[in-house]
Every structure is written in C-alpha cells, then in structure tokens.
C-alpha cells in the first residue's frame, strides 16, 4: 500500500513549513518512526518520523521549498516487494481536489492572502424624495398584495402620511376596496389556515419531559387540523380477499422479485381513479379541479417524521415499476435525499401503516386532495366462498381497505363506487 | 516496598513515557490536531501522587498530566481517542487533549485558564468534608499558574475550612518561556503555604521515592481531616511548552543536566540495587507498554469522527434548539 | 400571602434548602449577617453553617467551588453580594461552569445558580447599579433569568435551583422592598424559558423584563385611551421565548423593547434582529429600543435619571411608535 508523508501542523497558527533536509533517499528502506526529513516552521524545527515502515518511492518536495500543511512530502510503499521508485513529480496545489483554503485547522492549503483594503466609491447623493410617493410598512405592502389594493386610494394617517396597517384595515372594512374580480381560480382564495389550537396550560410535575415540536411536527399538526376543519370526511371500508395478490407475490418471489402488498394497492387505485375522475381531484377555493394526471402520494414513515413522496403518472406504471419506485423512495427517505419537488403535486393519497397497522383506520385527507386510501393489516381468516353453487369455508388473507372522501365534493355513489372498484381489481388478480 | 509494587511503579513510568513519546510522534506525522503538551520528564510526579489513591478520590490534572489520567484509571484507548478528537474520547470530540476529563474515574477535565481547577477542587473537597466522606482531592498546577488569583482564592478557602485537598505544584522552571525568577519573588512556591495556614513542602519531583513519601503523608493528612498541604515538586519537561515550541529560551546544558536525573533511569538504578533482573523487567515492560499504546492508537484511529451536527449536543441537560424557537 | 420581592427570594431558598439536602447557599456575609440585603435572614440558623456558608471575598472561588460541588451532585446557590462583582468570577462562569457538561461530552450536569442584586435607580453609583445580563446571554451552556415580580422571583429561583444547567439569576434591587404582592401559600414553580404576557393589546407590543416591567405596565394603564398596548415580560433572557415574542409581533405589528441595561450590545438588539428577520412582513413600523444610554450609571441623581429609562421616556417612546 502506498501511503503519504505529510507536512504536519506544528502549532495552531502554522500554515506552512520549509523542507530543510532529506535524511533518506528514493528507493531506501525505512523503519516506522525513522526520521525522514527535517522541516522548519515559524515556530519549530523538527524531524519528521516515518508514519510506517517500507520503501521510499517518491520524494515530492526539494530542500528549501515551502509547502502548506498537510501537503504530501513523500510516498512510502509499505509492501517493499511491490515497490518501484517512481519518477519525481512536482507537488501541486490543486483547488479542485484539495478544496479551497479556509478550513483553518487541518486542511492543507496555501496561506490565506490578507483581504485588500479598498476605498469606498463616492456615490451620488440620493435623489430628494419625490412628492406623492406612498410611504408604507412591510405589513401594508403584504396586505396590499393580498387584497389587490391600490394604495394611492388609501389616505395615510401615520407620520408623514404613512399608510398604516390600521388605515388598510379601515379601508377594507369600509367596503371601498374593489373586489378582486377574476375568472380564474385563485389558489390563495382558500381561507388562511387555522392556527393549531393552543393547548391548555399544564402543570409540570418533576420528571415530566417537555418535547418542543420540530418544524416537521408543526407542519404535520397544522395540516391535520386544517384538513379536519376543511373537509367533512366520510369513511368507508372494503374487505378485500388478497389471495390472488398473494399468489402473484409468491410467483414473482420465485423469479427473484420481492413485492410488498403496497404496489398492488397503488396499481389498483391508479386504475380505479382513471375510471372515477371525481376522486382524482383537488379543491381550489369554491371549485373542484379534476386532474388530468394521476399522481399518487404515498405516506412513508422516516426517522424525521412522516414524508409523502409522490408517484407521478402512477396509472402508466407497471407493477414492477411501482415497486421499484417505492423502494427507491424508501431508501432515499432514510438518507434524507428526497427533493422537495418530489413531495408536491399529488392528486390522491395512499397510506400504509405497515404490518402493525391493525384492523382498519380512518385516514385524514391530504389537502387539497379529496380522497385517501388506507391499508389495514392482512390477516388470514376463514371466509365463506361460493363455488359451483356450493358454499364452503376457506382460509384467505383478508385486508380491510379504508377510504376517506371529501363530502363537499364527492357523493356516496362516486366514493363507494371507487372503493368497490379498487377491491374488484385486487381480487381479480390481473396486474399485467 | 514489595517487588511487585516496585515493578508496577516502573510499568506506570514506562507506560506514560511510551504514551507521551507516541503522542509526539503522531503529532509530527500530522495525525493529531491542536496542541500536544508533553509531560515527558515529569512522570514521577503523577505516578507518585496518583498510584496510591482510591478510586473514589478525585484528581484535577493540569494540561501536561497525561500520566495522571492513566494512573488514576483512564482507559488508554479512550484517552488516545480523546487526543485524536474522536467520538470515543471523553469529550466526544468537543475539546482537545486533556480538556475532557474521565469523571467516572474521578479525573476532572481542566480548562485552558491554568489554575482554574483549584477552586473547583476546593469546592469538591468542601463537599467531602461536610458529608464526612474520607475522600481527597488532588489539584495539580504549574508554577506559572501559581501567579493566578484563582490559586490564592482556592488555597485561602482550603485553609479556612481545613479541607481534604492536596495542592501539587509541578515546578518545571518554565511557564512556557518565563523562568521562575520572573514568575515569583519567593524562593519556592511552597513557601507561600504558611500564608494560608497549612504546611508547604518541597520535594525532588524526579525522585519517585521522595514524591511517594511526601504524597503519602499529605494524602493521609487530608484523609484524616487534618487539612490541606501544598507540595512543590521540582521537575523538568524535556520538550517545549508544546510540540511546536523550540524551547530555545533554555540552554542545551540545562536540558542535558536534567536528562541525567531522568525519573525512569533513577528508578531503574533502584531496581538494579534491589538485585532484580533488570534486563528481563525492562524487556517485558517494553513489550507490554508498546502493545498497550499500539492498541490505543489503533482504537483511536478506528473510532468514528464526530459529525458536524453533534456540535449541538451535550450543551444543556435538555436540548434547546435556539434556531427552531 | 403578602410578600416583598426579597422575601420571595428568601422563601425560595429556605424551601429548597429544606426540600433537598444537596442545596447549599454560599456567598459573602450570607450566614450570620443574612446577606448584605438580608435575602438570607435566618437561613444559616435554620440550615446550619455547613450549608449556608460565609465565603471569603473571592468571587472566582465561589463560582469555581460551586462547579466542584456540582460535579458531586450538590446544588449550590452562589450569591454575588452585588452583581457588579460577578466580573471577578467571569472566567469560572464562562470557561468553567458553562463548558463543564460540553467539554466532558455530557458526562456531568452543572446545577448551580449564581444570583445577586442588579440594577440602578437607587443612587448606587458605578459599582452598585450594573445590569450585566447581556454578557452572559452570549454564552452557550448558561441560562439567564430576570424576574420582575415577587411571584416570579420565588417560582423562577426554585426552578433555577432544580435546573441541571448553570443559571444566572438577576434580581433587581430596586424592587426588593418596593414590591409587595400576594403569592400562593402552597408550593409553585415558574418554568425557565417562558415569557409572561402581562397585558393583552392590539396596537403595539412592549417587550421588557426586570424593573422596567412596572413602568411599562403603568404606561399601558395611563395611556389606555390613547393606545392599546400589549406587554410581554421576558422573564428568561436565555433562552428567550421566541414563540410568545413572535406571536405578539404578528398580532400588533409594532414593537418597542425596553431594558435598563445599556443599549449597545444589549438584549434588545438580539430581540430586534430576530423580529426583523422572522416577522418582517408583519411589521407596521420600525422595531424600536429604549435602554440606558451608552455610559456607566452615574451617581448624582440628575445624571442617573438622564441615563436610565424612566416613566416619561417610556411614554414618549410608545407615543412615537404608535404614531408611526
């Protein structure tokens, strides 16, 4: 193995050293800790002991040369049998591979140049304030933008005629503000998100732990409260016989492909959504936007909290493609490498609480979408089936599939039809 | 003393020396960051004061007392990881060299304001006293630190309450570059003890027998409730203040003179006089201490480096995220 | 029960000394004399000379010894006879106590409280009027509190004693006997890190702490017909309760910060900067500060009044901001 002999940093402030003399030659065998060379720095002169035993294959710095700390001075082949003296190469400071100077401590680098001293350029005096200029504060600027106000129409009562927040509020209350007329749906026409209700003051007993919310926790909390307050949720459940799905899984396992149940449900949902466009929608103000594309948001539990990456064009994907995409999300969620773009734009959501997901649950809609599916635990149960006109009891892997829909937008026929269709697709077992 | 103890003391002297030497070499090989403050030449002081302590006694080493860490029970592996700035070090990489103490073994980590540990040691000794615990605190400081107000404040308080503390001045004649005559106007730092109402003693810090005898008496006195002692050990550091100090403020002659009084050589002469098989002992000890230090280096090398965000840990009992508030 | 601010402090120490035998009180003249301001009257007699300790005049030792005791699991209360002398123990506070846990990689806690009389308005001159809290708010590892009421003085001191981190507790000597307040007879704590909303209002927020809380409250009452003021008493200066601060700013859009400590480098600068950064679009006026002038607190009454914030200066500043 070839190892480096580097210029040590002998002193916190030292950034470079001079090679005074080499005590060994290229090709020479050296012992561990044997002095290799003498160096001199601003603070100290020292002999540099060899980091390892072996053969000196390269000496990269000539006596008298000054090099930055951590610069490679020589190379030693620790397995002398493998070594051949290499041609001498001049050391070079390479910004690309060694990084820029600035890490003062142990990064190798040339001394940092002193910053230059510059004289301030002479600026022309600012122009005198023009009369009629409207003076406002940051909050007034924001309110004007929000309400589409012409500030010149609002008389200012603040110092120097400044338009204050109160002036704007008074103007809005007086009804003089022209309504923001617009044919298009304005995404910000939705009411401001209600603040999460303040918890009542709780007396703390000794040993109680107060865990402040992380930013992601706060976002989840706000979102959940807002969704429950915005949408009247209707929850419906289907009992799905997963034995054909299990069969497909077993078959693909033999082919070396491990599939979980989730991709099947995503596949079935995407197909059913294509047939039930009302469920693949978002709400904007007082309009429903039926989305052309089917982008399914799938909740993934990560160490940092709940993440919901979006599977774009899920209806165009094969089962294997869905499975691969989900594996990829899972891996990247763990390493925190999911980009914000991948977390937005969903048109429908699926949540899978996993093997400990219990019998069924009532999911909360991911706003501004209008529907969400939730997988329950898959459990083998005795079920009655009818075959050839005869009832019999068989053991089947069964799953309760929960669905929530927004009753502002979806009525019972569409909502129930959708879930029924998902069940049909799963039970039919055709995923080609 | 028994042969077993004689050999054990020798082993400690040699282990410290090997650890110090290896640390110096690692520094020159560019493997260490920050300051390295070799205590090479002063081994008899730390061995003499720490060897016979109980595990529940406390020591307050100064920045050069790597040996005190080892003798008081710090794991050599973790000590090396500490010096490497790794996660397995006592400070988990948060501070360098001996600033991270090993509290489970009664070893307190010093700050860089030398002598600032003396009030801390006095405070701890106050607790031993009011709780009637027969434990002692050993506070090491350099003769340079003796000029600081903290040293006076601590000794004065210890004198008032007759606290179970031993103040150990390691006088190696130079505070960085400043010699004794520019540091204080008395002959010996220990002469000041009388001003605090307790005993001061001067001892040859390179003579392990002398150090152990004086240390034993001082520790006994403290443990029995007879109050503090100030012991001044005259000794010498072979290296500069740190590895990057040329130390050309002192003459070669002076260094050679002190090298001829080397604490390990003196102990070897003693072992020879006792007619032990010194050649065998030396060989066996060399093998043992080399192995221990090599294992420590390998452990430290392999210990994970802390990640950037770990800088925010261990600041408060319950983490406070100022940026998220 | 009706108590003064200083009696509240005495009660807090008394109760904690009785509750936990690891609690000690150490300081100059805290024993027989009961403290220069009588904050520890009767405590030595009740809890013993071992636990209520008259210390030599050695502030660095007092703090340093506290650190040594803390490593042993004790919870010392360390009194600075005047907070002006805390600078003599500065190294032990910022380098020894504040770094203790950190430099030992979390191996130990540092449950010490350093408390003492701060503040001016009492013709104390240069060395008996200081408000040095900002120095310590710059130090990670410390917590800093400054109560304005007897209720908080007691509840915060008890919390500080039970806290596992070093807490610097600034008590305002102007308030010692000027405040009398009904406090609960039963035990209570005031959490560190929570501000108190003293008065709700819609027009502007005044953020303050310590003695000026009372002058600001008076201004809010006196000016009620003119302007509807919200008053926040920070109580804890490190860590500041940003949620309460920002919530109020978002509501009113205008902020005045009042403190008795000097303007430059004071807590107000940090509060203003946070608001400017996090609440910029909610602001309906510049964030303003009223603090002591950038000079030492002089002795002669006219000069002291010129330097420190007072009722008139507060009223004037509120009026100016309200009109903006």
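We call the chains A, B and C, going by the order they appear; numbering starts again at 1 in every chain.
Simple rule for what comes next: a contact is a pair of C-beta atoms (placed from the backbone, for glycine too) under 8 Å apart; a residue touches a chain by one contact, two chains touch by 3 or more.
This structure is a prediction, so every number in the text was calculated from the model and none was measured.
Visitor: Please identify each chain that touches chain B as well as chain C.
Guide: A
Visitor: In terms of C-beta pairs in contact, which of A-B and A-C ranks higher?
Guide: Answer by contact count: A-B.
Visitor: Which chain has its C-alpha centroid at the greatest distance from the C-alpha centroid of chain A?
Guide: Between chain A and the rest, the longest centre separation is with B.
Visitor: What whole-Å value do you get for the distance between chain A and chain C if each is reduced to the mean of its CA atoms?
Guide: Their C-alpha centroids are separated by 41 Å.
Visitor: Roughly how many whole angstrom separate the Cα centroids of chain A and chain B?
Guide: Result: the chain centres lie 49 Å from each other.
Visitor: If you look at chain C, which of its residues touch at least two other chains?
Guide: None at all.
Visitor: Touching at least two other chains at once: which residues of chain A meet that condition?
Guide: Correct list: empty.
Visitor: Would you please write down the residue numbers of chain B that are in contact with two or more other chains?
Guide: In chain B, the residues touching two or more other chains are 325.
Visitor: Given the complex with chain C, which residues does chain A contribute to the contact?
Guide: Answer in residue numbers: 137-142, 158-159, 162, 164-165, 204, 206.
Visitor: Quick check: in the complex, which residue numbers of chain A touch chain B?
Guide: Going by the criterion above, the answer is residues 5-12, 14, 33, 41, 43-51, 69-70, 105-106, 209-210, 212, 214-215.
Visitor: What does chain C use to touch chain A in their complex?
Guide: 162, 189, 191, 253, 280-285, 323-324
Visitor: Which part of chain C faces chain B closely enough to touch in the complex?
Guide: Interface residues on chain C, with respect to chain B: 50-51, 53, 55-56, 58, 60-61, 63-69, 71-72, 74, 76, 91-92, 95-96, 99, 101-109, 140-141, 143, 163-165, 193, 239-243.
Visitor: Spell out the residues on chain B that touch chain C in their complex, using ranges where they run on.
Guide: 89-95, 99-104, 108-109, 111-113, 116-127, 130, 137, 149-150, 153-154, 156-157, 160, 313-317, 320, 322, 325
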